[in-house]
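Okay, got some structures for you below.
Next, two complexes with chain A in common: one pairs it with chain B, the other with chain C.
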Partner chain A sequence: MGLALAAIPALRPPAFVESFLYLVFHWIALATSWTILSGFSGYFSFGHGAFFGAGMYTAATLAVTFGVPFLWTLPAAGVVAALLGVGIGAVVFRVRRLRGELFALLTLAVTFVLATIVLNTRIDGGPGVFLAAVAIPRIFASAASTIYVMGVAVALAAVGAAWIVQGARLGRGLFAIADDEDVAEVLGVPTYRFKLVAFGLSCFLAGVVGGIHAIFVTYVTVAETFSITVPLYVVLMSVLGGARHWLGPAVGATFVTVLTYAFVGGEWAVVGRAVVGLTLIAVILFLPQGLFGLIGRRRPGRSVPAPPAGERTVAAGSGLLSEAATDGSATAQRGPTSRPLVRCEGVRKAFHGVQALAGVDFEIREGEILGLVGPNGSGKSTLVNVISGYYRPDAGRILLDGRDLAHQPGHRIAGLGIARTYQIPRPFPRLTLLDNVTLAGMFGGAALDGGQAEREARRWLDFVGLADRASALPTELNLHQRKFLELARALASGPRLVLLDEVLSGLTPAEIGEALALVREIRRRGATILFIEHIMRAVVDLTDRVVVLNHGQLIAEGRPRDVIRQPEVVAAYLGKAYA
Partner chain B sequence: MPSLTLLGQSLVSGLFIGGLYGLLGLGLGLSWGLLRLINLSHFALVLLGAYLTYQLAGTAGMNPFLTPLLIVPGFFLLGVVLQWAFDFFRVNEFSSLLVTFGITVVIESVIQWVWTADFRRLETPYATLSVRAGPLFLPVTEMVMLLVATALSLLTWAWLRFTWVGKGMRASVEDPDIAAAFGVSPRRLALLLSGVGAAYAGVAGTFVALVYTLAPSQIYGWIGVVFAVVILGGLGNPLGPLVAGIGIGISESLTMAVAEPSWAPLVSFTLLILVLVLRPDRI
Partner chain C sequence: MTLRHRGFLSATAGMLVLALVASTSAAPSGQPIRVGGTLALTGPLAATSLVHKIAGEIFVEQLNKKNGLLGRPVEWVLLDDQSKPDLARTLYEKLITVDKVDLLIGPYATGAIMSAMAVAQRHDKALFHHTFGIPHLAKYERQFPTWAIGPEPARTFPNLLFDALAASAKPPKTVAIVTSKFPSVHFMSVGAREVAAKRGLREALYLEFEFGNRDFGAIAARVRDANPDFLWMGAIGLEGNGLLEALKKLDYTPKIHFYLYPAPGPLALAPEGKYALSTTVFEEHPPFTASPVAAEYVKLFRERAAKAGMPYQSADTQAGSSYAAWQIMEAAVTATKSLDDKTLAQWLRSNRVDTIIGKVRFDGPNNYGDDLSKIKQVQDGKWVVVWPKEFAAPGARLIVP
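Moving on to the complex of A and B:
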């Protein structure tokens, strides 16, 4: 296909045909490069013009001022743009709030700052840069053919890169980031690094595209280069074609470019622009996933209606039994030991003066189910967030095998074998159940490759009774199914310690029984469990040991039946009069 | 170093253009802060309002200061219709940015279709009118612009703070469900607010026509500055944009006086980036 496209100049078409085709590939390359960060990870950049422009001016300056042969300026253009992007990303990606629309605004602002600097320094200085005197390497008979072939090459490179990224770990991680970045990090996705890598790659390609475009237009000006057109068009093209698919931007770019240049000349250009605007509106409102969102949805599970709750319980039960039958002989019966797995020492965390954790000391012993109870607002969820790395504690240590986790990023903690569930389930809404669970296997402590992780994921979906919904989306599940999905996701990472944050809340008594059986089974397979719960009967039933938290402090510890009789504990729950 | 008179004069012009920034930011900030919609088409509406003023005052011979009487009611309705559509299609904060980008392009095309891409200048007797204060000249139109911006900002502030409608509006921003449970209808308030925002765009448009030379691409000229103004001023606070607008206007015009005019955009955009990176909680 690439060869066929590159061979078009051999047919000696008229120059305007080559120019038009060049523009098609130019936009394919630019839109696809944008998608590698923005489409995949959801960090919509409105600053693609800055990186494109950086490449354009790098190539122009090197070729005109320093007389570097043109082909050599292209890698430099890519590298300058990539460095710019990575430099910006290194700062911006650390700020948790700078997502979505704020990232878009920030990158737009960067474009204008860069434009102002280029305009006022010797890089441009005002009049623009002429490349007419720059020698174009003669790959084909005419200059136009050569530029066209370069355009095809960079477009193929961009689409190829997007294809590789989408299939690789990087792509999986970026899709998870797009859906819920905090959860992705806690599941083990190195979000900061992935975003930087994707941004760097995206900017590198945009820079090379810019370099080639410099020689195509032969006259580079600030107003044209850093105009709003570049970000507008790449966003439009990618969203139209489908920003979450490697081929989506190429389809969108072809469509929009053909449409725009079909109306060239005079007043029709205005009509073309209006059509582009209307298309953008229509796509966002009616086709938020783009054209590839329509085609790319392989959803065989959709037609299968959710079985009624009664049947589901049986299904989950049988899944559990069959697992127990096959695995039970292989795995030795596990139970509590006295060896500490995790030890918290003086953990403190405050929010704007509210002391959520006021120096918490306790240990979780290998193989046990440790209950963590306490009234609302006592700091239980904060503790889970601190252990799993979402919050950094203000003071104190959290030791796993003697290694301090307190200041490790969330993905590293996940990699060491700590998994969690959320009280209100937080599945990745645009990934299927199978992909949700597979991701945990690929990035968590298990660190499996794609195929292995998928097999494991199917096993765990079966374990929680969701095997028949593997290709459904989480939004199609009811609450208790989503809670079980959380469990499957935590388990697929092959954790040593599972933090279960109120898995029972909102479940019916029958579903609670089912969930408790699952938790016991998880422990039997060798994991240690921190079980946070309000339902005391379940805690007493299930746990080996209980710690009680109140106002951010540990007030009791011991065997469940003893602890719930302690006056401090009764007072914390019911008030002093009852103690 | 430029002379004191020049510095004083640029201080004055910074103050006045700050009024325009404040006026533009008022409308944008209301919908962003209170409706959680980033309405890029606000800028297109401003330019549309400016061209309508140009048409009514320049060709039809109306007094330009009376054109808002016709433009404002129409724009109010337009704002209501837009908000109804956003609500109908469940447009959220992020997709609003893209949808209104599309609307902006469409309005720009309409402007270009009707008035062409050529520069247009509204010639009025007010254009050259100015008051002398010592060595400084105070252009009358721009003074009125600052006064109107101040008056509208204060009125909006009082409206949101003291009236039941305003209190309901602020309540439904904090928690739409709870506000609805207490009898506030967020949907109707949103229609009203969006109408008011669009009406402000119409008012701003009249002043843009009076002060500036018009071209369709001017739509994009103010986006960066006004976003900086809105974010620096604090979202949803009607007095914030005016204060931040004057601050940015003055720092821009001083930059122009001390360095080159072409360096001016650096000030606002650098401020915007710094606020985003260092104080993202403001937004």
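Moving on to the complex of A and C:
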């Protein structure tokens, strides 16, 4: 297809055809490059004009001022734009609060800053850069054909890159980031690295597009280059076509460019622009996920089937949770041991002066179900967040096999085999159940490839009774189904330790019974479980040992029936009058 | 029927036939000559582009009411480039290779003209354009600029302005130059700075600001502190008004003040715009309107501008240059009886053309000839030319407060 498009000039069409198609491919490339970061990861950038402009001025300056052959300026344009993007990302992506609209505003500000620099230095200085004298190598009959072919090439490269990214681990991780970045990180997605790679790729492509466009317009000025038009158009095109699909921006760009061009006649110019605007509003209103949003959800028929029952497929890294027991042989059944799997030593964490954890020491033994209880505000969830890497402790150590996890990023901790669920389920809302669970298999301790992870995901969905909902979205589930989805997701990561944060809250008695059976089954397969719960009866029935937190401190530890009778524990729950 | 009656009828019939024949021979006929061009009919440049649309429509109507071009009617194929140079380029490709227009007339403004010029050059087409502001970038030998600012406006125009000021009652001794970094403005301001220095004026302030700036408070403070005898404001659009409003808040009124490419209406109508100076090549008063063609054009332009709801309806530089571009095209085609671009270009490079902005020539560097710029001033809420004296409005002279 690429060759066919590139060969159009050989048919010697009117130059206008090349010129018009160039514009279509120009916008396809630009919109697609934007979507690789912003569409996939949800980090909406309004600064694409900056990276496009960086490429434009790099190519123009190298070609005009330094006499570099034009084709050689293009990779340089891409590299300069990519370095700019990565440089910004390296700082911005470290700051958790710079998401959403703040990221959009920040990138927009980058455009203005860059425009100011270009305008007030010798890069431009005010008069603009004129490229009429720059020689363009001729492919086919004319220089215009060369520009067209370059436009086709970069558009295909961008769409190809988006296609590869979407199907790769990078794309899966970016989609997870878009839905819930914190959960993605704790699930094992290296969010910082993935965003940086996507930003770099996105900017590189935008830079190359800018370089080509410099020679197309011939005259490069700051006002035109860094105008708000570029980011507005790429966002509009991507959203219109579907920003979460590799082909969506291409469809949107083609649609908008053709529609824009359809009303250039002098008599209809103003009416035409109004029609274009109204059409876009209508499409966005009625197709908020874009044209490709309609077909974006995966259907069961396209998926990898679950492996036959009894087949062992869980990869190294988990070693514990296996299929072995589900056929009834129960050969893998394990119980608690005395060997510590995780040891917390003097863990402290404060928030704006409130000491949530005030030096917590305890251990989780391999194969046990350890209950973690305490009244509201005692620090249970903070402790889970610290162990899973969502928070970094202010002091103390968290040792897994002697390795300190205290200052490791969440995705590394997940990779070492620690998985968690959330008190209020946090599935990725725009991914199907199957994709939710598959992600865990790919990025957690199991580190499976896509196919294996999907097979495992089906197994775990079957395990929690959601196999027939594999292609549903989490929003279609009720609360207890979402809790079970979280369980499946945690289990699919092949964990050595599962942190279950109030998995029973909000469930009916029948659902609680079902959930307890599942937890027992998980332990029977060999996983170690930290069971955080308020329902004391369930804790007593289920756990091997219990630790009790109050005001961020460990106040009791031991067998459940013994611990709940301790006066400190009773006082913590009911007040001193009852102790 | 008496003989007398028969004779009267015969004479009447004969006159009728003659009239019919005469009218038939005057009306253009045959395949229309198609003139292609784009304007920013939508987008940020649409307001000014409307001036060029009205000018072109008036000219084409007038042409077709006469004998057209070479006896053929003229059709203007006008497309909307949406204020985007890249779209302008593509549309000129369309006009040449798909619509196969006979002649090309330029878009508005400098960026779009640059794009169109590159296309015209690739196809060896002549391009008549009316608002190109950076002559040294116009390298194509078949491009013909109407806005007659000469090949070196950054040198010639400031000299004209300083000549006018030197001849005034209070020649300035100090100058402040404040300029937008808009390409076609910036180089003129840089030129003014050099000319001022050569002429011995002391530079009290030189300041650049970015195009699109809206906050002139800090700039106004610097101007007030410098308190120059003469303020050169390298302004485009409403930037001049912005600075004047900021100066007003500081209770400072500049002594002699000049604005390069202001929005003419808002500056003339603002109280603080009193005695503001600017550049022009055409205004709607004698001697510019001494010719019937110019007078008729000014009348029609005002009517059309009012009908189109334009807030400022005077025909000035933009309207004059736009009409003149069509006049130049007509003159070349009529003189050569040809639509061949090479023939037209050769004739234009060796002949002067009489237009409503004056006699223009294209035999200098980059096809630029004389700098026909004049100095105009806001007097009684209207722009009037005050320099050179022979072009001054009746009774008008440069007023230096």
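Note that the second predicted complex is superposed on the first by the 524 of 579 C-alpha atoms of A that agree within 3 Å, B and C clash if a C-alpha of one lies under 4 Å from a C-alpha of the other, contacts with A are read in each partner's own complex, and residues count from 1 in each chain.
Note that in this section contacts are C-beta pairs under 8 Å (C-beta built on N, C-alpha and C of every residue); 3 or more make two chains touch, one makes a residue touch a chain.
Keep in mind that this is a model prediction, so the values were computed, not measured.
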Partner chain in contact with A:Pro127 - chain B first, chain C second, else both or neither: second
Touching partner for A:Ala104 - first (chain B), second (chain C), both, neither: first
First, second, both or neither for A:Thr218, with chain B first and chain C second: second
Which superposed partner A:Val270 touches (first chain B, second chain C, both, neither): both
Chain B versus chain C as contact partner of A:Leu23, first or second or both or neither: second
First, second, both or neither for A:Gly160, with chain B first and chain C second: neither
Contacts of A:Gly377 with chain B and chain C, given as first, second, both or neither: neither
Contacts of A:Leu119 with chain B and chain C, given as first, second, both or neither: both
First, second, both or neither for A:Gly67, with chain B first and chain C second: neither
Common interface residues of chain A - those touching chain B in one complex and chain C in the other: 115-116, 119-120, 126, 270, 273
For the chain A and chain C complex, residues of the former touching the latter: 14-20, 22-23, 26, 115-116, 119-120, 125-128, 130, 132-133, 142-144, 213, 216-219, 221-224, 229, 260-261, 263-266, 269-270, 272-273
Chain A contact footprint on chain B (complex, rising order): 38, 89, 91, 93-95, 97-99, 101-106, 108-110, 112-113, 220, 223-224, 227-228, 231, 260, 262-263, 265-266, 269-270, 272-273, 276-277, 280-281, 283
Chain B partner contacts - residues on chain A that touch it in the complex: 44, 91-92, 95-98, 100-102, 104-106, 108-110, 112-113, 115-117, 119-120, 126, 227-228, 232, 235-236, 239, 267, 270-271, 273-274, 276-281, 284-285, 288
Chain A-facing residues of chain C, complex: 38-39, 41-42, 53, 76-82, 84-87, 89-91, 93-94, 96-98, 110-111, 114-115, 118, 121-123, 134, 137, 139, 181-183, 186-187, 208, 210-212
